[in-house]
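For reference, chains read A, B, C and D in written order, and residue numbers begin at 1 within each chain.
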Amino acid sequence: MMGRFRRQASLTTGRIEAFSDGVFAIAITLLVLEIGVPELGEADSLVAALGHLWPSYFGYAFGFFIVGVYWVNHHHLFSLFRRSDHVFGLVNVLFLATIAFIPFPTSVLAEYATQPTHQAEAIGFYLFALILPALAWNLVWLYASVSRRLIDERLAPAYVRHLTVQFALSIATYTAAFALALVAPEAGLAVAVGVSLLYVMPPRRPEYLAEPVASTHGV
Amino acid sequence: MMGRFRRQASLTTGRIEAFSDGVFAIAITLLVLEIGVPELGEADSLVAALGHLWPSYFGYAFGFFIVGVYWVNHHHLFSLFRRSDHVFGLVNVLFLATIAFIPFPTSVLAEYATQPTHQAEAIGFYLFALILPALAWNLVWLYASVSRRLIDERLAPAYVRHLTVQFALSIATYTAAFALALVAPEAGLAVAVGVSLLYVMPPRRPEYLAEPVASTHGV
Amino acid sequence: MMGRFRRQASLTTGRIEAFSDGVFAIAITLLVLEIGVPELGEADSLVAALGHLWPSYFGYAFGFFIVGVYWVNHHHLFSLFRRSDHVFGLVNVLFLATIAFIPFPTSVLAEYATQPTHQAEAIGFYLFALILPALAWNLVWLYASVSRRLIDERLAPAYVRHLTVQFALSIATYTAAFALALVAPEAGLAVAVGVSLLYVMPPRRPEYLAEPVASTHGV
Amino acid sequence: MMGRFRRQASLTTGRIEAFSDGVFAIAITLLVLEIGVPELGEADSLVAALGHLWPSYFGYAFGFFIVGVYWVNHHHLFSLFRRSDHVFGLVNVLFLATIAFIPFPTSVLAEYATQPTHQAEAIGFYLFALILPALAWNLVWLYASVSRRLIDERLAPAYVRHLTVQFALSIATYTAAFALALVAPEAGLAVAVGVSLLYVMPPRRPEYLAEPVASTHGV
């Protein structure tokens, strides 16, 4: 006598998007807290001290860009999903954990990027931290797309494969930038920044299978 | 001549959910602030110092998981509610206060988990703080479910009882983990983590009474 | 040839409510940042140190309660509004500024409430800060209700007057608590807490004028 | 066989507005964190110390006002938009980066506005930082309005030109305030505050072209 009624899923993709937007917005705004007000003596120049904070400004600007790009692409990705489930909600929370973590390596970079003895390590740690959201992003995608568990069933298989390859490549790229940084920190950082800037380009439009035509014989 | 018009409640369950989502999203994102940038001398290794922060990483990861699980389940719970009232809004605020508090014991744990003389106390305080949301969650549920004040009246009584028991058990479990920690801190922490991981499992689907059938033959 | 098209106001009451919810949610969650992790020597007891933070816990709990109550009542108030305008959006921003300010006097209270020489001043400053949202709330209400600028025109005049008086009384009460604190700090604080707890009671239901009946015999 | 289906854009103007509201709400609420709790000796007066924080209070109040005004006007602006695209999402993220940055120059101002040797530099930096959102705002507008890429095609060309001129003037004004501050810091600050207060005035109502009338004689 039970279970006869169907109700809307308690955790819709819309809810997950709204929660994710909240985390994106907070993580992106918290980045400003890593820029520390310089402490000056009487004779010091405030302008000079503010100038020396350039690693903080770089960290703020690039962090804003990275999180902003993930936010835009997160909406693009979710426009491909039709369903959601409990585990998917938690997999997305895992992805958000890698986004919300970004202010920490950014602070480390800002603090140590100008100290010759620690610069290489700071850049390495920063680039390592950029691999994490790429990994978690792939987990979100694979959970949703394998066996078409959650995605729109009308999506063209070629398009799904295209995304799978493209997302896997982003892990490879950030890992390569990290590996390069182990021998040449600034080159590694430059590669990561350069590759990230490519995301200014819009993602490829979703491609759908032709709909089964209504007035048919056969299918 | 007054009071003839009925209007939507000013505080709908949707509003409460949206506000709660905001608090969940902020509390979860603030967890990163407890990870302090290490202070180094010239000769120190940054990588080694970052490695020593493992209690902070654990606190961040587990806090993210705990708050994420509460967020998912909060939506599940609210899918069972049909109504809301002023006091319920405040009871939910009380629950949110226990969630938004989590960054503090997490900071305490991160700071003192590696200091032998304070480790036991830090773990104990952390586990104590995990009892609080479990308690408040039960308050939310009891306020809503006793006499079916706010919940969907079609919910099966057995399902309501099932939740009441399950939620009460969560208090018992976290209290047991805390009690265990008083004699064996690490074991208590392990129990709390282990039990929490069970919440990766989806909650049981709501069960509803059969609807009174209007025009029937059989069912 | 211009201005023929009417569009939705760019700043609806719904938008203002959503933005206000964001500020409420952030301000309430930031309260946890005022609880500082205690610094200990080897021989100090962490539990004892955590116990000494009781002014911080009080500040957290009472701040959460106050902001939570304002949040609930803000929704109640906005359920009475039909329109909005540019200046009203900014008057509401002013109100939000007094809410978002609360973490600061809370920090001052937490820091100095246990220091005999500064306790009286800390409590006084805290109670002074509680007058500000009461003042701004009245400004929001007066801007909206005078000449029924923004409120539902069907609201009963007696109900509108009732709110005007009740809101003005809240200024008087918090001002009295502040004045009392100048001679007896703890008594002033107790009055403010006691009065605030009254807001657990739901606000009076809106009362509306009888609708002009279209096709009538009598009423 | 692909691409036959049209779906809603994954990043609608509504989504961008909601995300922007989140960043506005967080940035405005974080302003309170720049007000530091004063550190006192036994003999110091807390009230006096709190009074000396007036640059912090000014920074908080004016920052709240500035961000609040941008928030109100952002909604006004977005009411003129019909479409959105990937790049526009990122241009808006750039604008948000200039808003979320405001807490930092506010902290610098609060810290150094009362130190004679650094006051001029602190005010200059603050006014420089106020130019940034004005610049980015113009970028948002130009991206959307040039060739009517994203705006409502029925908007009257004169109204579009009016906004273009008005927004460009805001860059000029804040730049002038900054330039003035290089020779007379307090005068520059006064100009910036005075000009900003003008935004209490509502923006001019959108003007639309007459719709082509379907069944017409004349117009």
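As a convention for this text, contacts are C-beta pairs under 8 Å (C-beta built on N, C-alpha and C of every residue); 3 or more make two chains touch, one makes a residue touch a chain.
Computed from a predicted structure; not experimentally measured.
Undergrad: Let me have the rounded angstrom distance from the C-alpha centre of subunit A over to the C-alpha centre of subunit D, please.
TA: Distance between chain centres, rounded to whole Å: 26 Å.
Undergrad: Mind checking the centre-to-centre distance between subunit A and subunit C? Centres are C-alpha means, answer in whole Å.
TA: Roughly 37 Å separates the two chain centres.
Undergrad: Give the residues of subunit C touching no fewer than two other chains, as numbers and ranges.
TA: Correct list: 18, 22, 26, 30, 33.
Undergrad: So with touch defined the way it is at the top, what topology do the chains form here? Options are line, ring, star, complete, other.
TA: ring
Undergrad: Who touches whom among the chains?
TA: Between chains, contact exists in these pairs: A-B, A-D, B-C, C-D.
Undergrad: Which positions of subunit D touch subunit C when the two form their complex?
TA: By the definition above, subunit D touches subunit C via 18, 21-22, 24-26, 28-33, 35, 37, 40, 42-43, 45-47, 50, 60-61, 64-65, 68-69, 71-72, 75-76, 78-79, 154, 156, 158-159, 200-203, 205-211, 219.
Undergrad: Which part of subunit A faces subunit B closely enough to touch in the complex?
TA: Per the stated touch rule, the residues are 1-5, 7-8, 10-11, 15, 18-19, 22-23, 26-27, 30, 33, 85-87, 89-90, 93, 96-97, 100-101, 103-104, 107-108, 111-112, 117-118, 121-122, 124-125.
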